[in-house]
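In order of appearance the chains are A, B, C and D, and numbering begins at 1 in each one.
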């Protein structure tokens, strides 16, 4: 059994990790740390866990007890934590923040998108888990990039659920405001553009095109619906084959023959991509659950890879469907 | 033109008042006061007003300029405000808080439910506007009380939208939590029980029965759906006639012959009541918009009465319907 | 491995059964029958199954291939089916319709509420799976009935999600109508009252009180939030102990110490009950997922019991939480 | 008073027309025709009208009684109706279908977008009311086209509410499916592209660029949130001035200085547009209510223009806001 610790256990992504790990056949939740919740039951905070576990939060993490730590502290705080604390070399770290996603000198973290870096992940001790928008958008484009076929700028629109913004209350997370509402934020400037471009360049070194990305706040809770289009010379059949071949060995990504909807993947670790050709444009739709394939599910997928387990272990989750 | 001031202009009920009054043919919005928003445009806060008005908030109210003040400061604060400020006698006050709803020695406010106290309201300078739950529930029961026919305890369940809790963020107003969720709060102990019981006693002095009231948080934004039942000896036809007669002269309350749904009244000042008889029980359903008939619409209805205007003036609002 | 057949495979409850059974460690989906979908992929109809299975619907069921059949044909059709078809004696039947829930001469089906009839279910070949409202309401009251402590009429309000009405389109299932809407139907006369009363009488033979039940259509998709209250002489502590003792051996029902919300159980087979005492009334809240504990999850729980498996096998489902 | 008839009175757009016209100071609802509802009360179908009117549907329209007819029969049926019926010359027709929106020989209808064709509308007897998507998208681009500044292809994404698809039940209008869901349909091929391109060519005759349009089904009921971007050489300030100047004389379109959200306009006839410049791209956001500015509100705006009334008469509608 893999002994797991979670650092920053009170937020949404930690909650999802706990939900998954409590049923994971090869993982054992050794501790869940939360500075503000030490001594409280996990189910005091993640109330759906009532009856599932009697574990309590610890205020301080003891890294000598675990094999792997999931960092769920929030953006900027992982870096700070690692500066203040020494983690034993043998403890793997899977960081869900954006702190280590961009390659820089001295950054030993591997970008943890299995559909891009599976072999690297398997050999790594330090994983920077991708952002949710970044995951959905990359899965829509990776096969093109891998074939060197991004030939023009990309046009991206992605609608996210409210859980993408975390649990801190804000005007735009207020139910009275968000219910039945739609809005756009950080158009063309979202912070995930960096990691997206980095991955495209990794696969297609001459990639040097604009990614015109409009992020949209939807009035749902879970899931990202992304549409991407760009110029593409080949036929639809060629594109579909490219995608099918690319994802043939990846157990969570499926190329749909029919126009998908978001709830096909909500509460699962799956991604569905779908292609249409219109004129000289190839459109790709991609649907993912921002908290699972876009965060905690992918983090467990990475854990499975690191520890040499079946990639899907513990991740055959029942879709909510409705 | 009636010159109107609003005190505490940044919240939900103030916003609704402004929306109504900007189109009211006999009212003129003289000022909207907000301590934290002085100098800002109304449309900076109530953003749907963009293009409808260029009025700015004032930080301080000048009561010498107005004929009537609506108090939208929040519960407890109206009382405090009146202790600290002297309002000219001729300025009418319509208070939307719960501070003056209960009769007490020295409380000169009239309880502003027109379907209960229309004549008193017409002659009053000080109105305590009813609570939203209180309005919906009373409208379901007033005709029985007026006929002295409450003979047993009342069983009440009422589901409210999120706007009933105001705009302050809280766990239960977070979209990620409230979307698709249901919960109960303050069962049997809601603060509106006092004013409800007071009204029933006013009409039926021997009223002395439990009001078993379960308030429910629904996953919608606007509207209260209340169900009430109690023992009733008469026939359904007798009950329906009782209700039709009672509400015949009241322009906003309608006795429906068919089972109603909430959206029949959302964004209007109307109330719909509907009756069924089952065994020895009479069930009454009542639907209202908590921000209109349950707050700001009713406040304007009271203003119309005080100033001798047509009761419905400015209140023929288009239902949102969907 | 238990070989499973599903009859009537295109509806909501069949979809949920498939989602559960594909991950059940001791069950094997031998066939899914659907008259109108023979030859189509399961994932053509239940589109979230894309990538999870390549099974196709069969038009005709072959009962010689299976150990257990789930009947998901809709109310009235199970009876008809059994009249027209002979099912081998050794094939267990778990019927999700209301056709066999009420005891009648010649009805050999056991009412499949494990928290009421676990031992009977273990020995039975024919199970009538309870209704969704019936499950939620009974779980709120069974401990009282078992102790002979229902002493007065019961007051019940239960809000259900849209999936409770199945997938056939209707005015009240139209998104434009139901979104942000609330309504009541079949007040005091819902068809589940029969099975509810039958169970209470089974535990408390002198039970002879009105069950005043108001069913409410909520604007969510999954889950039933039920509130029940009745007169109760004991203290809250006594009531809580009664419930804890009753449910101590039942792995899916939990007595919460804190006020619950619906999403604590959505997408799980769990039920949470919660108690408050107000005056001489005991209020019980009960939350369940209508498609799982209220239908397909409970059906699998019954299958587990019949085949001598761990009651929870395959039913540790990740809550959707948001 | 203008005497108004509505043909095809049972659908969503007819309902909205009725809601508006009942409060319109210069219009009188002479009849509402519906083949399937003759003799029924309007409020039997549009149930929110309970108490607002006692008018009944007529099965047959008598055009000799009216000054203007609104055609709400659905796409394809207006043409058919005009082939079978002779309408007196003096009766104005405002057709809400797509039948007459495209210029063709013999088509005497004027395309009824007041922000494009106000003077033509004033002089016309036959108006083809624009489509909802078409309205939202054109309002985002008209000032550019008028200045001849569309220099490259347009990238358009627009999210619509469920009412855009009318009241006929379908899989994608089922609440259980659509709640919390997102999907795309008719990408790059939506039928409104024709009228959009036609208007751009009218203003900028050399317009000959792709309009890459992805229509999205949102999980709200009312409103269209459109984003458009294209290459633009000028500064943001120049663009904003262009838009402000263009819309200065149009009473329903507002250029917002702050990032808008959909509910700023829901239940109103307003449109809000907002601009950002990113690199060499100008992004325009546009929010409208698909049933009002995108259909029935605009139809009344056209009626006002035809009859020489104030353009905004009867259209100062209270926003739902929440």
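Assume contacts are C-beta pairs under 8 Å (C-beta built on N, C-alpha and C of every residue); 3 or more make two chains touch, one makes a residue touch a chain.
Predicted model only: the values in this text are computed from it and were never measured.
Engineer: To reach subunit D from subunit B by way of touching chains, what is the minimum number of steps?
Structural biologist: When the steps are counted carefully, the minimum from subunit B to subunit D is 1.
Engineer: Going by the average position of its CA atoms, which chain sits the greatest distance from subunit A?
Structural biologist: Between subunit A and every other chain, the largest centroid distance is to B.
Engineer: Tally the contacting C-beta pairs at the C-D interface and at the B-C interface, and name the larger one.
Structural biologist: B-C
Engineer: Averaged over CA atoms, how far is the centre of subunit B from the centre of subunit C? Could you give it in whole Å?
Structural biologist: One centre to the other, that is 39 Å.
Engineer: Based only on mean CA positions, could you tell me how far subunit C sits from subunit D in angstrom?
Structural biologist: 46
Engineer: Counting only residues that touch at least 2 other chains, which ones in subunit A make the list?
Structural biologist: Those would be 12, 161-163, 176-177, 179-180, 219-222, 260-261, 263, 266, 322.
Engineer: Looking at which chains touch, is this a line, ring, star, complete or other?
Structural biologist: Its topology is that of a complete graph.
Engineer: Using the touch definition up top, name the residues of subunit B that touch subunit C in the complex.
Structural biologist: Of all residues in subunit B, those touching subunit C are 155, 157, 159, 161, 176-177, 179-185, 187-189, 210, 212, 214, 216, 218-223, 225, 227, 229, 259-263, 266, 276, 278-279, 281, 283, 285, 287, 322.
Engineer: Touching residues of subunit C toward subunit D in the complex: what are they?
Structural biologist: Going through subunit C, the ones touching subunit D are 12, 161-163, 167, 169-171, 173-180, 219-221.
Engineer: Which stretch or stretches of subunit D touch subunit B in the complex?
Structural biologist: Contact set of subunit D toward subunit B: 12, 15-16, 19-20, 22-23, 46-52, 161-163, 179-180, 221-222, 254, 256, 258, 260-261, 263-268, 270, 272, 291, 316-322.
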